[in-house]
Structures are given as C-alpha cells and as structure tokens.
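Read from first to last, the chains carry the letters A, B, C, D, E and F; within each, the first residue is number 1.
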C-alpha cells in the first residue's frame, strides 16, 4: 500500500461521491457535492507536485529535499476561490429557496405539493 | 496606569502567550509582546464588558497545581473504569452543585474545572445561575462529591475572583 | 525507546480515530455523533503532535494550535443548531 | 464618380426622408422624385460612353486581403437594367403620390422604396460579386418592408415573411454559389470571373455553383417551384407591385442569369436546368393567370409566366435568345408596370379588384381603359406593340433549339398568355359584367398623377413596337453583346420579319387565345379540377412544421435543468478523457512510490467512510454536514502529513467557516426533503459518478507515479529567501512570486462578499421577506440563547485569537501562516462572538464595516503593487528592508507583508460580510415585523 | 521600465481601483456613476494606447513583480490581446452608459463595483501569459458575472443564476485538473514555457498530455457555450437583465479567445498526441452550436431568449473557422468575433429598450398595443436582427463571407458552408417572424393598453452606437481584416511568442 | 540523546497515546451519551498533555532548543473543551425532553431539578440580570 495509491483512491471516492450528490437535484446536496469535488480537485492539484512526506517547503540553508511549493501555493489560491464559490452558492441556494419556496435546483414544486 | 492597562491579568496572559508563540524570550519578542499585551485588551474591550477583577498571585498558581494534580489522578481512575468496569456496575449520577460565585467568569472557571477533571462533566447551569448540573461517571456518595467540589475548587475561586 | 514508542503510539491514535468514527457512524443520537466529532478533533491534535515528533519538524505546531483553538467551534455550532436552530441570534 | 453619385442618391434620399419624416407629403415626394430624376439624369449622361464601349467604372479598395473591392461598372447590360430601375422608379413615385391615402406615412413608404431602388441599382452596377450579394440581400430586405407596409394586415405580414423567406433563402444559396464561383475563378472581380468561363466550367464544382446560383435567380424571379411568394406579395400597395414585382426586383434573377451568362451558360447543365424551369414556369403561370379573378393575381401570375419566358430564353444559350430575353425585359417592364398601375386605378376608383364584378370600364373611364387595353395588348403580343416583337423572337428562338417539344410548349404558353391578356383587356373594359360595388362616388378617370405614369409606360410599350430599333436597338444589342461576352450580333428588331415559323406560331397563338377566351368560363371548372399545386399552402405548412419542429427540438434540448447540464458536462469530460486513454493510454509511471504507514491507511479509511456516509445520509442534511466535518479534518491531516502545513492551516480555518456558513443556511431550509430521483436515475448518476471518480483517481495515480520534471519551482526555492525575503516558500510564492494570482484571488473573495451582500440585502422585502416572516421551525428549541460558559469562553478567546492571528501574520513569511489564515482566525473569533452573544450585541460592537475593510484591503494591495511603479519597476515588485525599532531591534520588513495585510483585510471583510449578512437575514426572519435590527 | 510599458498593467489595475472606489461611495450613486464612467473612459484610452503599441507587430512581456518568465507571472501584449481589450472597453463603455441612462444600476447593490471587477477579470484573461493566472482571472470574471447576472434578482433569475454558477464551478474544477496535469507533466505554468516543454514530452506522457489538452478545451468550450456544453447559456442570458447580457456578449468569446490563445501556442503541431487538440470534435460541435442557436432563435418565445440563442449561434459560427486552425481562417474568425460581440450586445440593448416600453408585455413575442417609440424600436430590432443573422449591410454578412472565403477547400468546408448558409436562413425566418409579430401585429382588441409610456429616447442611443460600429466595421472591413490578419499571423507563429516571452530567460 | 530522556519521552508518548485510545474506547463501549461524554476528556487532558510534554522534551534533547509553545495547545484545549462538553450535554438534555419518543436517558436517569421552582437553563428562559446573560440591546 503506497501513499500514492491512498491519495489517488481518495480522489476517486471524493469525486464519485461529489458527482453523485451534485446530480441529486437539491441545493444542499449540490453544495455538499461541489465541496467534495473541490476537496478532490485540491488534492489532485496538490498531488501533481508529487507526494513528499514531512519535508515542508520551508527554506533552510543547504536543504535541497523538499516538497514542491508551487502546487501548494496554487492549492491555497484554489481553496480560497472555492470557498468564495461555496459561500456564494450556499447563499444563492438559500435566496432562491426564500424566493421560490423550493430547494430544488431547478425551482420546481415539491412532488405531491399542490401547484 | 489603570487607563493604560485596564486588565493586567489579561495583559499578563497575552504576554505569556505571545512569548510562547514566539518560542523564545528575546528583546524583540518581549517588546512586541508588550505592545500587543497593551493594545489587544483595549481593542477587545467592547466585547468583554464588566471584566472581573482578579487577584493575581499564588492563589492562582496553587489552584492550577491542584487542578493539574486532580486531572492526573482522575484520568487514571476513569481509565480503570472504562477499561475494567462493566457498564451495569457504573454508579453514574447527576449532581446538583449549589453555586455561590457571582461573576460569570468565576462560574465558568468552576464549571470548566469540573469538566476538565475526568469523571465529572458540567452539563448545565440553572436558569438563575445558582446551581450547576454535574454528571458524574462513578460516585458512591453524592453529597460528599458535591462538598469536595465546593471546598476544593469553589472556595479557592471565591478568593481568586475578588 | 522512542523509535519503538512512536509507531506504537501512532497506531494507538489511528485506532482511536477509527473507534471514534465507529461511534460517529453508529450514533445513535445526534449528541453521540457530536461527541465523536469533538473527540476526533482531539485525536487529530494528538496525531499531529506524534507526526511532528516522528518527522522531527515543528511545522505542525500551528495546525495543532489552530485545531485546539477553533476545533470546538464546529462542535459548538452543531450543538447550537440543535438547541436553537439558529446559530447566530 | 458619377457611378458613386448614382448609387449614393437613393441612399441619400433614404437618409433625407428619415430626417424629414415629420415634414409634409410634398416634401417626401420631392425628395424621392428628385433623387430618382437626378439619378436618371446621371445615368443618361453615362449612357453614351457605356454604349460606345468605354465602360464607366470605379474601384475603391475595400478588403485587400480577401481581394474584395468596392467596384462599380456601367456596361450596357447594367445600363439597361439601371435605366429600368430609375425610369420606372420615377414613374412609380409619381403614381404613389396619387395612390397613397392621406394618412399613409409617406416618409416610411418612400424611404423603403428608395432603399430598394438603391439596392437594385447596386445589383446592376456591382463589379464585384460580394458587393452584388450585399445589394441582392438588401433587395430582399426592402421587399420585406414594402410588402409588409400595411403591417396590421395579416396578409401583408405573411406575404412579407414568405417573400423574405424564399428570396432570402435563395439569396443565401446565391451567396454560396457566387463565393464558390469566385473561389473557383480565383477572383471576386466580376469582369475577371466573366473572363474565366472555361476554368469554371471545367471545375468539378461547376454543377454545384450553377445550382446554387440558379436557386438565387429562380427564387428572385419566382420560377417554379419558388413562385408562390409573388402572388402573395400582392398584399403590398400597388405601386410596390408595379415597381418590385413586375418591373424590377423580380427581374434581378433574369439580370443575374444574363450577367453570368458568359461564365455559366453554354453547357448541357445550363440548358437542361434553366430552359425547362423557364418553360414550365411560363406555361404554369399563364395557365393559372387565365383562371384568376383578382386583377392583381392575374397580373402576378402573368408576371410569373413572363419571367419564365425570359428565363427560358436565357436557358437556350444562344445570343439571339439572350437578345430576345433582354428586349422582352424592357417590354415586359413597360406593359406590366402600366398594367399594375392600371389595376391600382381601377381598385382605387371602384373599390374592387374582382374581374367578375367589373366591366364596361371603357365607357366610364375611357382614358384608363385606353391605356389598359394598350398595355394588355402588348402583353398579349398583339402587333404593333413591343410585346409582339419579343414574343416572335421568343418563338423564333424556341424553334431554333431544334427540338419540337420546345416550340410546341412555347406556343401553348404564348396562347395562354394571349388568352389571359385579352381577357384582361376585353372583360374588364368591354365585358358585360356590372360595375362592382362602388365606394360612394361614381368611378371616373383619375387625376393626372395617377394616370400619367401608366400612360407613359403604355406609350413606351407601343413605341417599342413601332420604333424598336431607334428606342431599344443599340441598347439591347450592346447589352446582349456584354451578356454573351461576344461580339455584337447585328440585331434587327422589327415588327415584320417576313413569314416564318415564328410568325405563324405567334399568330396562331393569338387566334387560339381568342378561342380559348371564348370558352373561358366553360373551362374554368375544368381548370379547377386539374391537380392543383398550392405552393402557398405547402409553404405555410412547411413553415409551421419548421417552427413547430424548432420549438420541439429546442425545448427538448434546452430544458431548464441543471442536472442535465451537469450530466452532459461530466459525460463530455469522461468521453474525452476516455478517448485519450483509449488512443494513447497512460499507465503508471516508474517513480518509486512512498509506502503508507498504518496510521495513514487508517486516516484514509476515515475519509472513505465519512465520504460514503455523506452520500448515505444525503437527505439528512445535518448529519451529512457532521460527516463533512470529518472529511475536512482528514484533508487537513493529509496536507500536514504530505508536507503542506500552510494548506493544513488554511483547510482547518476554511472548514470551520464553511460549517458555520452551512449551518446558518441550513437553518432556513426545510428539514428532510423527499427524494427526487427514481432508482434508474440514481443508478445512472451513480454510474457517471463512479466513472468520473475512477477517471480522476487514475489520472492522479498516473501523474504521481511519474518522475517530477525539473520545473520552475526550483527557482522559487532557490530565491525565496535571498530575493523574496522569506523562508516559507509557499507564502513568498503567494505574496511575491505569484502575488498577482493572490490579487485576483482576493478580488474573487471581495466580489463574493459584495454579491452575497447584494443578494441578501433585499431579502427582507417581497415574497422572500414574507416567507422569512412566516417561517416557523417545526422543531422545539431550548430557550437558552446564550449559554454562559460559551459566552465567557469566547470573550477570553477573542484577544487570544487576535494574538495568534498576529503571530500567524507576522511570521507567515518564514513559517506556516500568512495573511489569509490570520484573517480567517480573526473572522472565526468574531463569528464566535456572534454565536455566543448574539447578532445585535456583537454587531453593535464592531468598529469597521465590511465594505470599508474590503475596499481598504484592495486599496492596500493595489497601492503596494503600484508603489513599485514609482521606482520604475513592474507592478508588484517587492522590496526587502530592515527597520531598526527601539527595544525590538532589527526587523525585516518586506513590502510583500504590506500586500499580505491587504489580503488579510479583504478576507476578513468578505468572510464576516458573508456570514454576518446571512445571520442578519435569519434575524429578520425572527422578528415578526421583519424590521431591520440595524 | 517606461511609462508606456507600465500601461500594460492599466487594464487590470484601473478597474480594480475603480471598483474599490465605487465600493466606498456605495451610498452616493451619482458620484459612483461618474467615477465608474470615468474609469471606463480611462480604460478605453488605455486600450487604445495599447492597441497602438501593438501595431509595430512586436510581442511585449510584462514581468509582474520583476520575476523573470517563466518563474513569475507574465503579462503579454500582442495584437490579439489588444484587439480583445479594445473590443471589451468599447463594449463596456457603451453598456455602462446605457445602464446609467436607463437606471439599471439602481436595481440592486454594487452594480458599478461588480461591473469593473468583471472588466478586471476579462482584461486579465486577455493579458495574462500564465495558465494558472488565466484560471484566476477566469474566476474573477465569473464571480463578477454571477453578481451582475443576479443584479435585480427575482425568482427566475435566482434559479437560472444557481445553474449558471454551479455549472461554472464544475468547469473551474475541470480547469484545475487539466492545469494540474499540465503542471505535473511539465513543471511549469507559463504558457510560452509550456509550449516548449509540451513539445519535449516523451511518448509515455502522450496519453496524459492529450487528456490534459482535451479537458482544458472542455473548460474553454464550456465557457464559450460550445454545444453540447451550451445548455446553461440560454437560460442564463434570458434571465439576466438585458443590459448585463449585453456585456456578457463578450463572455462566451473569452472561451473562444482562450482556445485561440492556447491551442496554436501550446497544442500546436509539435504537441504530439495533443496537437491541435480540440481536434476532430470542435468542428462538429461548432456546427451543432450554430444549428441549435438558430433553431433557438426560431423557437424562442421571448426576446431575451432569442438574443441569447443568437449569441449561442454566433459562437458556433465563429468556432467553425477557428476549428480549422489556419492563419486565414483565424483572421476571418477574429473579424467575425468582433462583430458578433457588438451585434449580440446591440441586440440585447435593443431588447432592453423595447422591453422598457412594453410594460407588462415585457419581452414576450406576442402582439401588444402600440407603445411609444414602436417604429423606432422596430427599426432597431430589424437592424439588430440583421446584425445577429449576418445580413448586409452590417458586418455579420462580411464576416460570414470572409468565413466562406477562407474555409473554401479546407477539409470539411462543405459542412461549414452548408451550416452557415442554412442557419442564416433559419435566423432570417426567426427574426422576421418575431419582429413582425412584435412590431407589426396589433394586439387583439380589448387588450389593456401599455402603461406608463416613456418619452425619452435616450435608451436608443447606445444600441444605435453599436449598430453604427457594426456599419463601420463593414465599411472599414479592409483595415479591420488587415488587423485580424496580422493578429492571426502572430498567433500562428508561436515561436516568436516564445522568443519574446522567454527570450531573456533562455 | 541520553537513554534516560529517551525512556522518559518514550513512556510519555505511550501514556499519551494510551489515554487517547482509552478515551475512544470509552466512547465506543460506554452505554449512553452522558457516559460517553466523559471519555474524550481523558484524551484532551492527559492524552494530549502527555504527548505535548513528550514533544517538548524531545525537542530539547534531540535538537537542543527548548520549545514551550506546545503548552499553548493544552491551554487552548483547556479553554475550549469544557465549553464543547457543556454544549453537548445541553443538546442531550434538550433532546431527552423534546424529541418524540425521547432520546434515552443514561444510567443516571433524568436530571434532578436545581431547586423547587427553577429549572436548568436548557429548559427555562434565563432570568434577567443573572451573571452571564448578555444585556439586551
């Protein structure tokens, strides 16, 4: 069992769960799904710098063995952006629910509810 | 002095925390820490109205020492309970601890202390803040336990919060 | 000794996390799950400390500190939600 | 220059008319008339050089890269056509003055008419196919506007749309044909193209070119089966019919065939497509015309027929036939325009156009009748009118084809033509039918404004018969020469050609026509029983079907479904990824993997179980959120283990804020909703999801097992401390190497904050506000709003958290931390106050508004970046300096830290704005009156 | 660095400053409006200056933070970028003026700040020479567009907004995956450097490279609304305030821009398995987009929906020549792009002016009682329809003829020709039907009259300006095509780009 | 590193991890919420505390620098953990009374009342002007 395998399979599970939830048709599940996908994407982006255990990219004289700092910087930016997007989506969902009275992504009436 | 440092206790705590954060005592860290220790209480003053007066001194050190010791002992006791006592043999009880403390801060410290020592959890406060509901994992004599809490912790706290 | 103790300790904490997870999944009550989540944060702090000792770096300290400081916020918010529905009022 | 003036005049008139649209009718007429007259004068001034072979032309470079110029020329063919357009245009304007009612908007009418005139002139004068196409399409457009002039009438709208659809569609085919022709011929210049007939006809694309161009020509000239729009276009005011649908626009197709004759004609393809269509149209149109009762319908179908005649002639492919076609073009223009005007007068005077209700007009309206009979006779091909000559030429040409069928059919067509023409002449003026319902006053000859234009045209039709060579000879001869691209034929136009097959056929046609007319009424039921080909209904049906089909298709595809959009997106990504994997494959690489410790595996299990749990309890939202907390925690641990402490910090802080955000939102959402999708749907989604997961995991695996390439990060590592002034390479990258990304990133956060504010600020109003106020939770809640222990702990935590934040901020350049995390810690500490002590309490104690913080933060970041400009360095160039502070000693300060401060301000502002606003909304829900607690 | 060099940063910094400034004066709309318009004009001036700078045919780099390429983020200025900048700024000025005139900016919070952030995102996307930075500016552009899209709110807008946001979030996730793959394979983010390194990849990396390329193109295609990834567009644009949709006319074209920018440079002939990577799929997708777009124009029941489909169709049409990846076809595509943006915007502004006059009839394609300015609106609608469909005398026709011209005899040209000509007919029918219903047909008697007639004709000005620009594009087609040809020549010579950006570094 | 230090650190590590494990074990095996709530306290206090102590000594002996900032982790945990426990207990109390069917009481049964007329804050509106109540605006 290698770390690479763990990370890859974690990405797989997160993506699969995220996509499934995103297709469920309700805003909250959608937000959860997107969050899972964004975790997976962050992990993926991070992994493209290859996995290095316990050698953080903190510069010290003479040290040459370290994790790739660039993907980390990219992931940080991506985390912030995806947080912004999540916040917006959550509030947009809520706002839509308040306006329409349904939390379905397409604003349809609940099944079994009168028109 | 009072205007400069409205809350010496808080300022001292902040300075200590800063030095711990800086992980070393240098002129720089002390200087900067002092600045923050002075500024932050001022800045956060509106968020903590009616801060209690504290008597900083040995009472506090003693209290900390007692609590740490109690934690150590209680940990071992509770570990034994968890590992070896059968569930149906647990003598779990609710305790109602009457509280004679006045400030919310003092009550909070008392409740926190009770919770930190394994085996007891401060679960709720009465609506009039005069009683504390404590859940105890294994007590034989409820009154004695309440008395122990009051004498060991509350009495000291009364002195620490002037 | 350390060389022996650290892997063992890591294993203990790992198992502890799995046990906590079991309670989290199992429930049965909401309070149970919140207790489990809260415990998991503490377990994570322990794990961070152990990882730091294993690797000999200090870089996990901030993470442990942050977890200790804001880890309970989630717990409290979950509780407040059950108690009051609205967490800010 | 003259050509530019010529083409510019009508458009100038359009502009003037639009400017002077509120002026009186006289002014409008004057503008249009004057421009047309001036155009005619300019044209006549250029006639001599054109006819004598010194073709006036002008060429202005336009799109040199594509080889397209604005080039105009006035060869005899163009001269002939332009003369027609301007001459009849002038007469139509005069006629329209008399025809249009008092309240009609003449400015609009005339501006459309002049637009049309300009476009037609453009077709005639274009020396470049692109230019010609532009004008061609403009004629369709102008025709659309003119047919739809009486826009409230349903027939006008339908007629206009049908004309636009058919001629526009044909025009598009023509676009294809002409551009293709130009590509094959190697030039857009018409003269060049015309000289490359051999090249074009040898091309394998020649049939395609031919068919596309013919589609353009046939639709415009109303050839079967595209003729239906023309009768329907009769919904237009009569001057329009006279101008567009008899004399000029419909001739554009004929003109085009003549124009492209040198390059396209002379092949079997040409003969076998053009001539039969023309012939069929000629017979069909004439046949229908004979049995119509509406005067304008008769004229419309006669026009269809006559256009067929001209097309057929051009199809014959001989010079003589072209000459016949061009001469008939003139004749037809004259008599048909006259007839339309005549029909307009009759309708104007009698209030009806139904031939069955009209008769004896000769006695009531003698002048009108005279010119009507004259024009109809020309149409019938009765000597000594021009129509006779051209019809004889036509028959002559059809005999010359060598086939027997062609002259036979041509004669039948000529018979039918003569029949309906004579019917028009006789029944209307001499027939016994009573006068139709009279509109108030007795009908009489109209004033000169109405009468003069058709009279002039009828006179011309007569003159073309009496003195053809003087009037039209040189023009037709020269135009034929240009059209055929050959030498002049030595044309002889005359009434008397001697007795030949043509004369015999012509006379027998007239005779047969008289016979036919005699029995017309008897034949009518017979004609009605013929299998009818109702192109109009066919067209309407096709249009309805098209629109319905389009609707169905569009609605089928564009369902307002986010799930569908997402599923398609996932599928596309999957299919494309699968394609690449299938074609090129990507196996694991040779890089040595890192063995996973047992604890790593356990933490991995945590993640997997929690993720599956989220899916399993998907509809129990609160529980799902609890499991999300575990996933976030595991992510932080993973980052920490994998040497990314900054990421772990950020993950922890963001996770907390996200949970708060979701709980705040969850509060107002309904508790446990019913499931939406059916089992098959869930299976389908599961399959998509699984495939996506496997794909993503596989990609990650493939990348991680490949050796890393020496990349740009080495530079970052090497220079972070020396040049960037920090040991935390990630932080230096964020605020320095890639500070520009961070500027964008905080902009994103700022915008998110603003958008959230904009979304929530009005939420208390309208229907959302009502829902908020009516909102009641189904759960019972504890009355304890602010538990004491919690409140006290958060008060202590605030200064402590601020201190930690300062620590993270100050040393973030060297150790894990930085402005972003620091700001999140502050945000969380402030949010904790909201949680513990309530919205109002906390909000009242906050000093700086979020808007101010966001603006300030952006300003700091921008100002830091711009500061470098003062030193001639690029934006965001950082500087490292040492400052000596008393007590503290040397402190390293980088401008990047100032930038980081900006970052922190924006983060703090945005995060608190988002969460406080959200809390604010819930607050308003709690207040029965929905009042704003602020 | 000279002041002229520093001008390169202006298109990004100016809107950021303007946005921050309007944020601080959010309660004083008049001042904010003035500042906003001023910022727009300044940006237009900067764009003109940059356009003039690029006329010498050189490619300029701007090393942000003075970190040399490829290590830092670099901006780059070439003909393509300046063309897009100028187009954006012209469009933005007109749209902003229209919004101010019609008071659309009063219909919600932070219109001006969001507007300028949107411009910042657009300009950044056009200028950046770094792939991750492109992602960041995409996000800036998108999130600002979410804000603008939701401006004014209302139920349908909120729902459509959610769909728009979510689809784009997923698109961004794909972008990151593609980006990560490229970084994992090459170790760089600078586009020029990527070009060099992608060409040097070994056979074992080709599969991954192709996945990266295809995913990246999927993202761009999603932003460009290339069928079948277009499903979000009609709903979004139809639900948006038309004046904002007018600004959005350029948004889909950013996706096209990103393709034009990256494909010849990174995925050119030397890119192995990823050479010309949207590869065999772009042309059919473009054709499908054009067909569905014009079918939608014909099928639409509302004017905004119709205009949205027209935008969709224009993207499809535009991508046909793009998909051929030749200098001449790109030149024609760029000409078409410029006019398509202006035409789409003009159409939306015309719809806006019409809607505002029709009261409760809004943009429904049904006859209404006569309203003030009906004839003028009808004429404008006619012109807008011509522009959108591509009929003379506006520039769409020239654009289409140019596309026919350059695509001739290139593989697949008959399908391009057939689509262009066939879909144009669909568009003609569609606009003729809706226009005659709307502006010619009278409402059935007894229908309530349109309330609250507006007297001012000021809202006709902006559409007229755009239409005039379209007419000018026809007249000045020679100059414009020379520009687009030169831009295309630069794009198709990636070596020069690489040398200009990395020259000093290697 | 001296053998003594090695032993001390090793023992501390084992003690800490042991208490963490016992805490979680308690979480699993104890019969109801209130009992389980006691379990994490061990992990929080002695478990993490011992580990942090080990880390401090380890840093000093192996790398020669005293690091005391580990104490901060414990400090923060000591501030926050009781609050979390308190809130969870309140959730439990609340749900035993409000949820239909009730959330099961633990071994100790329902909590006694604080006095004759009052009730716990979870069930009753807090009285005004009592300590800890934030002043109403």
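Criterion: a contact is a pair of C-beta atoms (placed from the backbone, for glycine too) under 8 Å apart; a residue touches a chain by one contact, two chains touch by 3 or more.
Remember, predicted model here, so these are calculated numbers, not experimental data.
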| item | value |
| --- | --- |
| Set of chains whose contacts include both subunit E and subunit D | A |
| Lowest number of touching-chain links that must be crossed from subunit E to subunit F | 2 |
| C-D or A-D, whichever has more C-beta pairs in contact | A-D |
| Chain whose mean Cα position lies farthest from subunit C | D |
| Geometric centre: closest chain by C-alpha means | E |
| Separation of subunit B from subunit F, taking each centre as the mean of its C-alpha atoms, in whole Å | 13 |
| Chain centre separation (subunit B, subunit C; CA means) in Å | 22 |
| Cα-centroid distance, subunit B relative to subunit D, in whole angstrom | 75 |
| Contacts with 2+ other chains: residues of subunit C | 10, 13, 15, 17, 30, 34, 51, 59, 65, 69, 71, 76, 80, 82-83 |
| Subunit D: positions in contact with at least two other chains | 560-562, 566, 570, 601, 625, 641, 645, 666, 696, 699, 703-704, 708, 711-713, 716, 737-738, 741, 745, 748, 751-752, 755, 759, 767, 779, 782, 784-785, 787-793, 796-797, 800, 804, 815-816, 838 |
| Multi-chain contact sites of subunit E, meaning residues that touch two or more partners | 132, 136, 139, 143, 146, 150, 153, 155, 159, 162-163, 166, 170, 177, 180-181, 183-184, 189 |
| Full enumeration of touching chain pairs | A-C, A-D, A-E, B-D, B-F, C-D, C-F, D-E, D-F |
| Sites on subunit D touched by subunit E in the complex | 61-66, 68, 108, 130, 133-135, 137-138, 141, 144-145, 148, 151-152, 154, 156-157, 160-161, 164-165, 168-169, 172-173, 175-176, 179-180, 182-183, 543, 546-547, 550-551, 553-555, 557-558, 560-562, 564-566, 568-570, 572-573, 576-577, 579-581, 583-587, 589, 696, 699, 702-704, 706, 708-713, 715-716, 719, 736-741, 743-745, 747-748, 750-752, 754-755, 757-759, 761-762, 767, 851-852, 854-855, 858-859, 862, 865-866, 868-869, 872-878 |
| Parts of subunit F lying in touch with subunit C, wherever the complex brings them together | 3, 6-7, 9-11, 13-14, 16-18, 20-21, 23-25, 27-28, 33, 36-37, 39-40, 43-44, 47-48, 51-52, 54-55, 58-59, 62-63, 67, 69-70, 72-77, 80-81, 83-85, 87-92, 94-95, 103-104, 122 |
| Subunit E residues within the subunit A interface of the complex | 132, 136, 139, 143, 146, 150, 153-156, 158-159, 161-163, 165-166, 169-170, 172-173, 176-177, 179-181, 183-184, 189 |
| Complex interface listing, subunit B residues touching subunit F | 17, 20-21, 23, 49, 71-72, 75, 78-79, 82-83, 87, 90, 92-94, 96, 101-104, 107-108, 111-131, 133, 135, 137 |
| Subunit C partner contacts - residues on subunit A that touch it in the complex | 53-56, 58 |
